[in-house]
Amino acid sequence: MSTTVMPNSWNINTKPHKFCPGCGHGHVLRALGEAIDDIDIQDRTVFGCDIGCSLLAWDFFNIDSIQTHHGRTTPVMVGIVRANPSLIGIAYMGDGGGYAIGAQHLVNSANRNDKILVVLVNNTNYGMTGGQMAPTTLPGQVTETTPYGRDALETGAPTQGPELVAAITGENAYVARGTVSNLRQLKKYFKKALENVQEGNGFSFVEVLATCPTNWRTNAKDTWKFLEENMASYFKVGEYKVPPTKREG
Amino acid sequence: MSTTVMPNSWNINTKPHKFCPGCGHGHVLRALGEAIDDIDIQDRTVFGCDIGCSLLAWDFFNIDSIQTHHGRTTPVMVGIVRANPSLIGIAYMGDGGGYAIGAQHLVNSANRNDKILVVLVNNTNYGMTGGQMAPTTLPGQVTETTPYGRDALETGAPTQGPELVAAITGENAYVARGTVSNLRQLKKYFKKALENVQEGNGFSFVEVLATCPTNWRTNAKDTWKFLEENMASYFKVGEYKVPPTKREG
Amino acid sequence: MEKPIQEEKRVFMTGNEVVAWGALAAQADIMYGYPITPQNEIMHYWTRLAPKYGKSFLQTEDELSAGFATIGGVLAGKRSFSATAGPGNTLFQEPISMAEMMRIPMVVAIQQRGGPSTATVIYSQQEVNMTTYGGNGEGLRIVYSTATHQELFDYTIKAFNNAWKYRFPAFILGDGYQAKMREPLIMYNPEEKGIEMVKPDVSLGKEGVPGKDRDPVYLRNAYSMEEELFEVLMPMIEEYNKVSPEIEEHFSLGCEDADLIIVSHGIVSRAAMAAEEELRKEGIKVGLFRPITLRPFPEGAIREICKSTPNILIVESANGQLARLVKEALFGLPINMQAIFKPGVGITSEEIIKFIKSKKTEEIIAK
Amino acid sequence: MEKPIQEEKRVFMTGNEVVAWGALAAQADIMYGYPITPQNEIMHYWTRLAPKYGKSFLQTEDELSAGFATIGGVLAGKRSFSATAGPGNTLFQEPISMAEMMRIPMVVAIQQRGGPSTATVIYSQQEVNMTTYGGNGEGLRIVYSTATHQELFDYTIKAFNNAWKYRFPAFILGDGYQAKMREPLIMYNPEEKGIEMVKPDVSLGKEGVPGKDRDPVYLRNAYSMEEELFEVLMPMIEEYNKVSPEIEEHFSLGCEDADLIIVSHGIVSRAAMAAEEELRKEGIKVGLFRPITLRPFPEGAIREICKSTPNILIVESANGQLARLVKEALFGLPINMQAIFKPGVGITSEEIIKFIKSKKTEEIIAK
Amino acid sequence: MSLTIDKITFKVKKGIFNIFPQLCKGCGLCKEKCPHGVLDWSDELGLYGTPTVEPIYSEECTACKMCENSCPDCAIKIERKKKEKKEKDK
Amino acid sequence: MSLTIDKITFKVKKGIFNIFPQLCKGCGLCKEKCPHGVLDWSDELGLYGTPTVEPIYSEECTACKMCENSCPDCAIKIERKKKEKKEKDK
Amino acid sequence: MNKSVKIAIAGEGGQGVQSIADIIAEAGNEEGLEALYIPNFGIEQRGGVSVAYVQIAEKLIGSPKFEKGDVVVALSKRAVDRIIPYVGSNTIFVYDNSLIYIPEVSDEVVGLQSYETVAPEAQTNGFSLKEGEHNHYLIPHYADKVIGVPATDIAKKELHPRVFNIVILGAVIEAAGILSQESVKNAMENNLGSKFEKNPQLRQLNIDALQKGIQKIKEALVRS
Amino acid sequence: MNKSVKIAIAGEGGQGVQSIADIIAEAGNEEGLEALYIPNFGIEQRGGVSVAYVQIAEKLIGSPKFEKGDVVVALSKRAVDRIIPYVGSNTIFVYDNSLIYIPEVSDEVVGLQSYETVAPEAQTNGFSLKEGEHNHYLIPHYADKVIGVPATDIAKKELHPRVFNIVILGAVIEAAGILSQESVKNAMENNLGSKFEKNPQLRQLNIDALQKGIQKIKEALVRS
């Protein structure tokens, strides 16, 4: 058998996965899978994915998984870990699921300091439904519902998720923004976030800047460019809240 | 006719109002009414109240008013002003309506910079339903659903609303927290907020710390004490975001 | 500003595009929406067309917001609409229940997809229960189930007009097939066809200073006593019942001498119609009854027809949601009912023909 | 830890308190809830009792969250429940539609209040449509409509057991009157009464390393093709239909020789029962049929009874929501139906008696 | 608009203290807020049959309006003496 | 678990470049990310019948794994030469 | 004949209406009878007319609310307006003829009644009506018996204002005539026991109040 | 007899399947006939088999999907598996016998087809099956006629790979036999006109491709 670089926690029987060519979800799930491998929590973890392209990960991991409703993955995972606190719940969702339809869950779960990890894939659009505006769509960006470019005066500026979450969580929360263009860093964020949950310490939230060449209508070059220039200039990568136990140095 | 100190914009025919004795909603609506009087926008204003004790204000003002659903006043007012931008929409709600069930609306409306004023009455509980925990309930506070006192480890710390809103709104937003124990200041906040909407400038949000003697089970003395000591030590009064045009000095 | 549609013309487009044009033709002012397949393209077309004709659009954060914002638009006196499907329609029941109570003429296009839950993004007729009677109310709504793109256009216009005329929320109930397929239709400017457009009126933000020039408007949906509520509800229910006969619509074919009547709605009725024609050719006397309004249901019409032909075959892409409406309408009559229930999948005329032919005459026709 | 209920005892309490105790008796593990009148005190009592018996509680941010978190609790293998009413029930339809699709045995107590919209916080029977058939699905649910505090207790226990046994979401359908009134009942430990408690099983987070010791569990509610969905749905529907006769329950009184049968459910059936007794005293032969399960509806039983007595009087605090279920069940039979519909308000035995006496015999009894 | 709202008027040191019993719900917030302990319960009954307030130590009243501002029902109205207002308010 | 995934192996300057055509969706992200322009389209077809990549300027490859890390499908695997790894990596 | 009684009691929030009803129902339950008590509750928390319905019977009770009561009680002017629909020609109508009692804001005697109700209209009407109209109320003279019990006065003068509602309780018990004093006292003990323990004097005060109420009705029923 | 035809076309995402179907339907409409085109669409965006259904008739068309097609086309191996259920004994089955065509990732010719579909299972099966099984496909020989058109080869060698799908279009038109070349060309113009304007050469290329396709079927139908 030829071995690939797939993390152990990936289910090889369901690969190649169902995401589009060049889709950032693949990157995110790889970093997440490696983090799970590293801290060896495959047997304690429960993975929930949202409706949105994230649903394509419903059979992704060698981990008990559930695909929920659009925006509702957070409450499902909260329900699970409240009923069985020994489990580590990961809620995996898009920017639409997390910042639009599920914003009340994100805000209140963060506020309650629920012991789960929320991973939010920011691809500046509604991927699964064919590329409409998301709360994170950049000013001027053309989407199916902003055919003349997003007019920030009419529809606002892109939602700053980690900033928002960090503003309301307690000191035991872990909040970061990573990018698929730096997988090592992203993995490090995931590890810290998962450990924070594992230790029963606090709510953990990682937003990831990710590619969606299908709806961006970009070739490989422009895909990286949009991610690393356009998106990165709005969304600052880094750690927004690090619990005392996880601070370095 | 004997004249009272009621603002002109109050409808005297529906007074005395329907709030409990000592209820902070009365104070808030007084400051709001005075601000409306001062900038003379009674004919352009539309008032929406939530379900929660705020609904008792459905016939409060000499202003076209609608009582909506729990948590849904923001989208109703957004719908109105999007359809008729010459109107000034005020969405009046409780902490449950704004921070719990309607949090997605608050976050996204703030983010979109909708030209409305959201007034949120923080009384640290669900008043209308008989005093359950709200997102703003203080640690240790006894409510109907935290009969042994709110355990912040289990249910989180009180939501910091203006802080949250300020973290995501653009620079044209106005965000403040007032208190019914300083009505002059509160009125000033309301005026700035309403002017900010009137000028088509931006989203305006004012949280108000308010009394609920009925569910706090407090006499007059303890009512003030809870507001001015317990609440004030958690919730800092002040302006959180002032648009450039409204900055003083 | 140019009128969206100047003169009658034959076009060839998808159903979602038709709804967007239908709304333009109906002089809709503003759409509030949240993406969901298979209705997305209604928004996509609307966002492309809207700026050209001075119309507005707002993408909200969810369907609750879309529904309540649509209500807001109506209150401001504008023809306001939205579009949704499946789980989005489930969420819409909250704002719709408020519209029902407060007599708010919101218009919503629904493109049914598979259910329950997320199911499929494709097609079904499983949103009939919910669209007719969803929420904590009594189903005081107008629901048009369309079968062709022509009807999608016609009834989009009618939905606006009857919503504002009768002040009940109105729905265009399509499905994923209708949403995504292309077929020809004639578009027109309704006013040139002699269709009088019912004018919207302003509820909140009327002229004058309230309390000075006029009384303030106070709208509410909460009542303190049971009796108060009852006094608000009963006249509404009575009015609904009174105007129902004016609103009810149906289509029937070959029922006069039929031995068996196929009852189906929406796009499935096209397969039923094809089957009817095919079977007639073979000398099998089959009729078709198709309710166009699912709410109010054309009870009088179907009872009349089924009195002479008490054998019916219900065909629907759901597990008996149409059947429940039909049973209710035909209550008390001695009817022999057969059914093809295929929740979430399409139905072809071949299937219907096969079904009918497979049955013994006595099974189907128990006169 | 102490058992909540040691031995049978007579108590006198409000319905909301009864539900909390019933859940304890049923060995419920965790409640997720959002406040709404008139169910609040279920949460109030549960939060007071829970810590004493090692049970958990989470107050969520809304009913969507309460519903989905309840699903989460079930997936973790715990008996999980919630309680709601009115607009909260409307929102619950979203998670319930997922539970329906994924066979998740969530339990929800519903204390009906006035509708549509916010209406009143008091009382009604207007949540029947929604609780039986809400959401974008086919109504694969178990709905118990209780009439007494004893039943609130009994059927809370049964709801948990049958939810987990059959894996359909189950509802205790009460109302604001039942919620807030006090009356006596006997509480007991079901296991001492010989009621076997169905054990919950873990769906997610089972023993062992997935992919190594066992296959991972993958649960989903979205399908890519219509045919896939159909293949998932049909066996579910068939199973529901198959087990329905086991689940159906009803109560009837004096139907054998009745000229007229009053059909009502929930608390209204108490007034109906009193009316029945009163009228019998006067020699008027009236019977009572009361469905206890509204879903599945006791169709066989009511058809049997109405074959000999084809005159029925539906009485409900809604505008025909029970009537629709009854009409469906009695479809095809030549029945003469009268109705007292009082949406959102209580109905007394006096009213029923008055109604019956006010009618000419021919109107009511058209044998 | 042309409602008559009864008021009871008290002369106090620095002005006039008016109370509108039909508006007073007897919450006591004003009484607690008065910096000079001027107010106490009155025999006059308010809206709910509860006592209203009156300035029993009226000579202590500085017409500071704290009570007026702390009434959620606009049941109090303080009129400052015009003349004194022109004087230094100390 | 015991699936066979075909791989195509290329010797490159600092190691081995493996590509798994059944995993490659031809997105080109790797190709764009390679700091040394090592990769180009190959005649070998991937999962969707699209071309996969191969290291055409294999002598430029530093085995830096940028390509591996930028593949969302784990279709590339770089093996660094053991010996060279011990040497200074400059 | 079956023993059974229907009682409706209305008063201002804070007058202890729900408490009386609760005690009556519990006493019925104590005696092994079917007993059903339901409060009226609405949107508001405070400030409204509070109504309680109690039924006691030998068999399962029908609907929790009823059309006409056997005993109907009104404790304030507004309460009379509200409760009149429940008075029929067989009703014993009891009212406090020392109206209006002044309730305390914080009603410690019976705890907070968190589901009091009021129609917003009812509450505001008084004020927006013209002077005079406000104070009218009609005693329903078509009732079987109309009995005024000066409960407020009795309580104030002879006992303690707080036990005003227990005087009424006594009156209702006597008018209803199907409960033994013993079970009522037991129910009172259940209901107010913890308060009695804190303040033992209160127990006797309450028992006395009960007797006064019973006595008043006895006198009235004999007179009539 | 009524003129009417039912066509089903399946191929890989990016092969321009939807575009062909769309043009056929539009041509039908051009001729004043009833025409109905519906794509298959599902959860996913990319990577699946794309299916299109077209019907043309004189009267209102029944259901948008049908059981058996008059003309059924498959353009890839996976597409054959997917489309087989639509092949009946009266079907003309057309397939690309220069299979497999290599689609470009970014299909500029016909624009992005944002509602392509695939069953996740269908997509992953190939991979998780054992070696060999993956490549099997069955040509439905029970069809009325089975015609291989080497569209890919023709396009590649004689024209341009991009117009591969127009060769297929020509084949379908001819197999269906109810549309005039004229209306098909008009429909092509509507559909691709903006591209033709940018690159006028493309117009002739497409017309040639159409002819080639028509020709191939003509030959085959004569032969058989």
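The first chain written gets the first letter, and so on, giving A, B, C, D, E, F, G and H; residue counts start at 1 in each chain.
Throughout what follows, a contact is a pair of C-beta atoms (placed from the backbone, for glycine too) under 8 Å apart; a residue touches a chain by one contact, two chains touch by 3 or more.
All figures in this text were calculated on a predicted structure; none of them were measured in a lab.
Separation of subunit E from subunit H in touch steps, taking the shortest path, is 3. Across the assembly, the chain pair joined by the most C-beta contact pairs is C-D. Per-chain Cα centroids separate subunit F from subunit H by 36 Å.
Centre-to-centre separation between subunit C and subunit G, using Cα means, comes to 53 Å.
Centres computed as Cα averages put subunit A at a distance of 61 Å from subunit G. Within subunit D, contacts with two or more other chains are made by residues 37, 58, 61-62, 87, 94, 98, 117-118, 120, 122, 211, 221-225, 228, 346.
Shown for subunit A are the residues that touch two or more other chains, namely 13, 15-16, 20-21, 51, 55, 59, 67, 69, 100-101, 103-104, 107-108, 128, 130, 135, 155, 219.
The set of subunit F residues that touch two or more partner chains comprises 1, 3-4, 22, 25-28, 47-48, 50. Of all the residues in subunit C, the ones that touch subunit D in their complex are 86-87, 89-91, 93-94, 97-98, 100-102, 113-120, 122-123, 126-127, 129-130, 133-140, 221-230, 233-234, 237, 318-321, 324, 327-328, 330-337, 342-346. On the side of subunit B, the complex with subunit E involves touching residues 1-6, 10, 12-13, 15-17, 19-27, 30, 180-181, 183-184, 211, 213, 219-221, 223-224. Of all residues in subunit C, only 29-30, 32, 56, 58, 60-62, 64-73, 75-78, 80, 94-95, 98, 203-206, 208-212, 216-222 touch subunit B in the complex they form. Remark: subunit D residues 10, 12, 37-38, 120-122, 148, 176-177, 180-184, 267-268, 270-271, 273-275, 346-351 touch subunit G in the complex.
On subunit A, the positions that touch subunit C within their shared complex are 51, 55, 67, 69-71, 96, 100-101, 103, 126, 128-130, 132-133, 135, 144-148, 155.
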